[in-house]
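Letters A, B, C and D mark the chains in the order given here, with residues in each chain numbered from 1 onward.
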Amino acid sequence: MDRDSAHAILLVSCVDRRGLIAAVTDFIYKNNGNIEDVDQHVDKDKGIFFMRIEWSLEGFGIPRKDISAKFTPVARAYAMDWHLYFTDYRPKAAVFVSKKLHCLYDLLYRYRMGQLMMEIPVIISNHPDAEELARGFGIDFAKFDMTGENRADQEERQLKMLGEKGVELVILARYMQILTGQFVNEFKNRIINIHHSFLPAFVGSRPYEQAFLRGVKIIGATSHYVTEELDAGPIIEQDVVRVSHRDSISDMQRKGEDLEKVVLARAVRWHIERKVLVYGPDMNAKTVIFD
Amino acid sequence: MDRDSAHAILLVSCVDRRGLIAAVTDFIYKNNGNIEDVDQHVDKDKGIFFMRIEWSLEGFGIPRKDISAKFTPVARAYAMDWHLYFTDYRPKAAVFVSKKLHCLYDLLYRYRMGQLMMEIPVIISNHPDAEELARGFGIDFAKFDMTGENRADQEERQLKMLGEKGVELVILARYMQILTGQFVNEFKNRIINIHHSFLPAFVGSRPYEQAFLRGVKIIGATSHYVTEELDAGPIIEQDVVRVSHRDSISDMQRKGEDLEKVVLARAVRWHIERKVLVYGPDMNAKTVIFD
Amino acid sequence: MDRDSAHAILLVSCVDRRGLIAAVTDFIYKNNGNIEDVDQHVDKDKGIFFMRIEWSLEGFGIPRKDISAKFTPVARAYAMDWHLYFTDYRPKAAVFVSKKLHCLYDLLYRYRMGQLMMEIPVIISNHPDAEELARGFGIDFAKFDMTGENRADQEERQLKMLGEKGVELVILARYMQILTGQFVNEFKNRIINIHHSFLPAFVGSRPYEQAFLRGVKIIGATSHYVTEELDAGPIIEQDVVRVSHRDSISDMQRKGEDLEKVVLARAVRWHIERKVLVYGPDMNAKTVIFD
Amino acid sequence: MDRDSAHAILLVSCVDRRGLIAAVTDFIYKNNGNIEDVDQHVDKDKGIFFMRIEWSLEGFGIPRKDISAKFTPVARAYAMDWHLYFTDYRPKAAVFVSKKLHCLYDLLYRYRMGQLMMEIPVIISNHPDAEELARGFGIDFAKFDMTGENRADQEERQLKMLGEKGVELVILARYMQILTGQFVNEFKNRIINIHHSFLPAFVGSRPYEQAFLRGVKIIGATSHYVTEELDAGPIIEQDVVRVSHRDSISDMQRKGEDLEKVVLARAVRWHIERKVLVYGPDMNAKTVIFD
């Protein structure tokens, strides 16, 4: 038994059946784990079971490195799809930006304040605007010019850089480029985008202009995992703010920026705290958020 | 000079130019009117001016019946599009419903409590469900079967009834039929619908099912004037409520019903208090709400 | 084994320790119960554990009448405070009102629509206003005049009536009388009040007037269990709406009424779905809401 | 006539009477001003009239320096309390902070992005924490140690510095010191504070702890002008966010910080855009917000 102040987190999804919760809680209890939090959900239409369980490693009877092996028979008995995480592990995230820096600026503040348990080894952009901000926080900055023709080449170079730096999560903090299917698939369910509308309303470019033209009374922002189809990936979080006929497009942009920052930050935090489960067919995937 | 406790309301829209506000306020002041409220807006993109001005008729120097004639020269000088209303006039509204009665039930309560300055001479439905409720409030109920083939005939009969009863406003309180272009044009900007989604997301039928499938984290309701294009008319009001993966479609319906009631009631109240101005080309019209 | 389509719900609170969840889930699993929902919470400051667990009785190995007896040894081993409920049981609720009937009207609609799994054997008031509405829904109405001097006597008669009718829950739907400590203690954590402010702001009478005078920009409504101290009981639910300098006190009342209805209805529904746990010392009690 | 792209703003309050709006709009129109925006409000209880009117100086018939003199007779005729502003004037604001820097950080970003039409000549604190951030934005930083005994002396030195730098607005961006009455009166209605609760709930210190103990389901933030009475000054803006039993005090702090930033920024922007009017007796003052 070790003296470990971290927690283990197990994310489970599988076909729903009797005994699932008992099997997992039993495994933890018999090995002297103290369950700190358990949250579970069943999609009754589809008969799928989801669980997030977090327990203290202090006094736990299995060393970290052996937990997976020991849990495997339990998981197999129920054909579970499962992942094990530890709360003291800080995943590496790359932030992609373009010219609008409000989301980046906000993320960096939260990062410095310790609100986000991750590392940011690099900030990537197709414009130079973020360089000074990145340097101010002591973070590498890499500029990749995008011409429309060189996208595949540049993405390959980006992927190489992400690989070298051990990046596990890509945050598109108002990065105005569309990623190729290849890039998306390399980081499946690990690219978080912020879209500046209340999806599925106003997909694509210039959502504030679209909202202004339509005369909506509320605007929104949506963070979602990126899939090959534009702005159609599983939604992690959304929020809204009221507008009126008095709000010009630039008023909407200003109000919307305050939303975008908060909505993206929530999504990133939930992702790195392992509170998000994605499920369903690729074209129609949704999230379970254990917040 | 009469002793009149009512107010006059003037709604004006026209091409923006200098002197508009001064011209109208001067007209009222010189005739000894006490301005109770003035609200104005300029659409700077399009250069259109909008104003709602309300003044007390107590001591006003022009009798009600002559105000229009006296104001006409002022309006002509600025090529105003204008309407004059009096706050003690109660317009007649017909409520159309189908089987879901929550919005009707809510409207009738507000109506009885004196929150809505209108008369309801008739409730119309293609189903018998609302009859008892209508009778309980002492309101006529008329049932028009809709078969899909008889729509034009039935609408003609409905229009005749609305005409006989002097109906000026049609409220679609979850009436699940689509109106013909002819009906819509007879009541242009005088048919208020409640759509159970956050438009323009989830147009058409079964919006809660659509929302559930998409996995949105917030659902909404939208009241709008009906135009020939489905769910595309000028939006009067919207509101939203949070949902999560835990909410089934029926949970969404229950939460959404609470929104629908409030959003529809606000739109109806604003309409009858003459706080709504519609402008723009038919396919792209928007509202100014002087709330 | 019976064929029972209802669910059992177990609410548990006790000092937090290892093995609690495993013990309960094991009990259910070993008796062939299918867990439909489990939600748990630990108050880390105070070291208290809370759990709500719901399982299907279809195929469950213990007859309903014996579940308590069989679970008792498990509960004792962990010194649990626990309650067992069945989802097909409809508790009896009495609604107390005064002259403002919007909450009553709203509750009755939800009741008729099947949104609230309870019975309402009686509506009680110190005014005659609600009588017609009660009769319209086929519910007994009882009037108890309150003079300020006869309160203790009248409450005794009310308690007798509630006892005879088997009432388990008292809903104060804008009942403007203050209950005695004796009444409160007979229905501890079983009296739900709606207060028309965002508590703890604007305790006591005329909260909208207080809000207007203070010039707040948002008003609220709060549902809570009634304790001896006025408006200080454990909060079940709150919600808010924006106001501005344009809103008069009566505008605030109108906006607030829409909140009060929804907030009270949520609290009542959560109570009867056994989603509320109250804990903490009487003067400082709080709720856990497993929504 | 000059070629002036700025606007003039006139804020007026006085006893309500006929002809006020006509008198002001006439003055502007006759001097060839194009009214861009007019907003007006009457407090009917107290019979007070408020107006904000903004017009383009392009082609206006009176030079800037003479507008006040020319308007004075109009104002006198109605005993108006009035102020004239120009939109290209950037008032100087000092930001006071303590150790929590989220509001400062957010203000500085908005300031740099051009969202706030003001200058920040100095950031003042009783702690050194903000110095680096201030320097990064090229703003002077001044540290004033506060011992509890030296408050009057230190405030005198602060007031001297504010005077030398021409400061017209003081922003307390989570400055945890209580100002003396003398300081408050030198900057009457020109000190904006952000309080981390939904006032009037949770006045004073540790509002998140108070909210946690009371078990509220929603927390808030309030920006207000500072008066001698603690947290009792006229409210400019408020906003709220939902919490649950799952939120610890530090979760509330994190959620609340996102509110505080936005609420303070709105209040500051409205102040410098001359959209705020304060009225009423000192102990009971409120705001009119022409947003």
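Structural remarks
Everything below uses one rule, namely that a contact is a pair of C-beta atoms (placed from the backbone, for glycine too) under 8 Å apart; a residue touches a chain by one contact, two chains touch by 3 or more.
In this text the structure is predicted, and so the values were computed from the model without any measurement.
Between C-D and B-C, more contacting C-beta pairs join the chains of C-D.
In terms of the distance between Cα centroids, subunit C is separated most widely from D.
Note: centroid distance subunit B to subunit C, computed from Cα atoms, is 37 Å.
One finds 42 Å separating the Cα centroids of subunit C and subunit D.
Residues of subunit B in contact with two or more other chains: none.
The residues of subunit B lying in touch with subunit D in their complex are 18-22, 25-26, 28-30, 32-40, 42, 242. Interface residues of subunit C, counted against subunit D in their complex, comprise 41, 43-44, 198-202, 213-218, 220, 234-240, 244-246, 248, 284-289. Partner subunit D is touched in their complex by these residues of subunit A: 102, 105, 109, 113, 115, 136, 254, 258, 262, 291.
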